[in-house]
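Letters A, B and C mark the chains as written, and numbering starts fresh at 1 in each.
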Amino acid sequence: MTPLLEVDRLEVSLGRTPLLRQLSFTLQAGERLGIVGESGAGKSMLAHAVMNLLPPPAHISSGALRFMQQDLRTLDPAALHRLRGRQMAMIFQDPMMTLNPLLTIGTQLTECLTHPPAGVERISARAARVRAIEALQEVRIPAAASQLQAYPHQLSGGMRQRVAIAIALLHRPALLIADEPTTALDVTIQAEILALLTELCTAQRMALMLITHDLAVLAETTDHTLVLYAGEAVETAPTRALIERPRHPYSRALLDALPQRATPGQPLRALGGSMPTASALPSGCAFHPRCPQRMSVCPQQPPQWQGTAPDRQRRCHLPIEVDG
Amino acid sequence: MSDPLALLSLTAIEQRFTSGSGLQRRTIRAVDGVSLQIRPGEVLGLVGESGCGKSTLGRIAVGLTAPASGEVRYRGQPIRQLHGDDWQQFRRRVQMVFQNPHASLSPRLRIEAQLLEPIRWHHPTASAAEHRQQLESLMAAVGIDTAWRQRYPHQLSGGQKQRIAIARALTTTPELIVADEPVSALDLSVQAQVLNLLLELRASRGLTYLFISHDLAVVRHIADRVAVMYLGTLCELAPAATLFSAPRHPYTQALLQAIPRLDRDRPNPPRLAAELPNPGTTLIGCPFHSRCPQAQALCRQQRPALRQIAAEHQVACHLLE
Amino acid sequence: MNDRSSSLGRQLLRAPVALAALLLLLALVTASLAAQWLAPQNPYDPASYDIMDAQIPPLWLAGGDPRFLLGSDGQGRDILSIILHGSRISLLIGLGAVAVQALLGIVIGLCAGYGSRWLDDLLMRLADVQMSISTLMIALVALALAQSLLPAEHYQHHVPLLLILVIGLAEWPQYARTLRAAVLAEKQLAYVEAARLLGFSQRRILLRHLLPNTLSPLLVISTVQVASAIMSEAALSFLGLGMPITRPSLGALINSGFELLLSGAWWISIIPGLTLVLLILCINLLGDWLRDALDPRHGGHAP
């Protein structure tokens, strides 16, 4: 089955400094992929790169990016514009990055429909309104019809994020990229939004690329995970397998550091040091200065991918343990 | 009921904010009658979602702002009545660590200057050599290389800034530290480092913490007792182990159910009615009644008082009466 | 050396326009400070010039005289000399006025930003009133009053100080409002609250913690204010209320040549006018660059 999204040795650079290096992964239709990493690892950069929406002067310096078998790097701007928002959509940590504070949410929903990009059929204002109400109902906003007149500032954070999701889903995209969508929300609202996203993905057979720093969110909402460290992928695995038997020392350290995994009152198993910045990368394996299992080869050579299955790989010099 | 052994006791604290102006002026009850005692040597966790008033309560506890009504007592003494040397003494004994490490340090002063300043202020008679020694031992205690003292804050990472902020709080040799979301802005691996530091300092210096956080996993790890707040009121207060294994208040139960879990493979949102009501309205009845799945007629009419339901376990809910 | 000022210096080296402006400004300032030695003539000494040398055109025109590189004015004084000396006066008054504004503005701004609500309201209403009356009008009234009250030599002797005071006192709201806004934002930050918690006195918090972190916007408006003060002085002198023609500033010189502008001796007004424009331009360009350099949103290195 041809993948929905293919990323092959993608490199994103700022000037000559590579921010993302040698990223490769695929996403099937309807699959839910999690991208996890700490701040500075490059998760948001990856999300923007996949949409080919990098803020200049950051740019894709090499590698391939194919979505629905189209090469996003060479696609003409008009076609790319049609693709984004219709086949690929994105929601952000702050819903106000999607919403215009000066327009009612009704207007923001309907204008996507009544003023689509060139080459797309426009629908009438009345039909757009009906569609807008449906969209709001889909994201469980109560009294949807009357909320069309509301302005974003009149809604709570959770409601705004629901509206942002509604806008993203208007054209039934094949892929939704969610960049830390619930990080700024309260935990009870977070659970609702994550449940909503999961349900919509299943109902609409939509692929999800969820970016988060929270491993527990990952566990609940994704099928497969990619772990990023200092601009590189270090491990890829089915989420359940990653959580239960992480293979890369960094993945292990992340899970070990969680309070959920520790005995209350006892020191947490913390990893010393901090993630290097793109301009100050260590030689060889980027993780070696902090790695508890560092070997002599680690500073000298960047590690290769090794793994037991195509979807269960890690980049490390350590020998593979037979742990299943 | 005031516990005579309490280090810091808050009694019937209320705080209000007005927002908007003219016709649109709204009064928000940020804290609506909260009483809490912090015992010496304990870590009291204060949890709740945004708008529950926990940060406001923390600032009142530490004396940064005065409450609209209610009393804060430090070792039995109302702090409102403290002046001059007594006030300085209180200032030394109770310190705070803030959420945003990047705003916690003055951008234009070197680390050395920021730590020496309170050291000199509170130990005016000691010699310069003694001041320097205290500086070095504090930096070592928080795990920052003393060679870094000439650096400016912008040269430090978030975790390092937070450690310096903790060191600064320690310059006055406090007894109680109010930590307002001290690790929320930090990455996971750094969070663990700073939490370990806080635990270690508590053991080595006999500190007491009021640990404010929205992250229940963190609070479960570090707190002895936990207080849960909702819309300015206290819902439940219990030892950490009890609260997390057998919560009694419907809000606490909802909260615990909602936390994402590593061993679950789908989200489990609690069945709550529509989102938070406008916090500006004066609430009659239980603050949680509009969302509570088990709300009764009484809940709409009367506010439940915080009652003891078991040893060390207090809950404010009509259902348990 | 402060990490930040060296990075600012490096940024300057990469901005050719601002660098050129700075160099030109430094050249003008140095030349005017060294006026006593550089100027071929002392325009303040009536014995050193002769009315018979009046209205000689600049060197490159027909009738030019090597003694008067840029020509001579209606009294026979060397234009170049007057420009050098006059620029010094203009700069002195400009900087002096800004010093007065800044001092007054900082004090008021700090009180308004950090003090109680009613103090803030009071001071800001005062600032509003002050700002609604144009500086030139205040200056006109004040100077006209001074001119009529003081005997002529007293007035002439004290004119620079009067100008500094008048322009300074008229423009303090700019500083006050800018500082107040910065203080209001900064005082909510954690490090200020931490300083309060550590028991420091209000004075210490204001001077050692708040003020240093709120000064950079003032630096930016200072360049604009210097330029504006110089222009105000020029305007006042042009109107006859500022520097007298016996101790001319650039504005006074422009004034003196004004009647002669169309009748032939255009250089008496135009050349000092161009110098004034150049001075203001350099200051403004430098100010623009400084504002961008200090603003983190434009890629600068602000705290």
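Note that in this section contacts are C-beta pairs under 8 Å (C-beta built on N, C-alpha and C of every residue); 3 or more make two chains touch, one makes a residue touch a chain.
Keep in mind that this is a model prediction, so the values were computed, not measured.
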Any chain in contact with chain A as well as chain B: none
Chain whose Cα centroid lies at the greatest distance from that of chain B: C
Centre distance in Å when chain A and chain B are each reduced to the mean of their C-alpha atoms: 32
Mean-CA-position distance for chain C and chain A (Å): 54
Chain B partner contacts - residues on chain A that touch it in the complex: 38-39, 142, 156-159, 186-192, 194-195, 198, 213-217, 219-221, 239-240, 243, 253-255, 257-262, 264-265, 267-272, 274-275
Of chain B, residues touching chain C in the complex: 62-64, 87-88, 91-92, 95-96, 98-100, 103-109, 117-118, 121-122, 152, 154-155, 165, 168-169, 171-172
Touching residues (chain side chain B, partner chain A) in the complex: 49-50, 157, 159, 187-193, 195-196, 199-200, 214, 216-218, 220-222, 240-241, 254-255, 257-270, 272, 274-276
Touching residues on chain C, where the partner in the complex is chain B: 3-4, 189-191, 193-200, 208-209, 212-213, 303
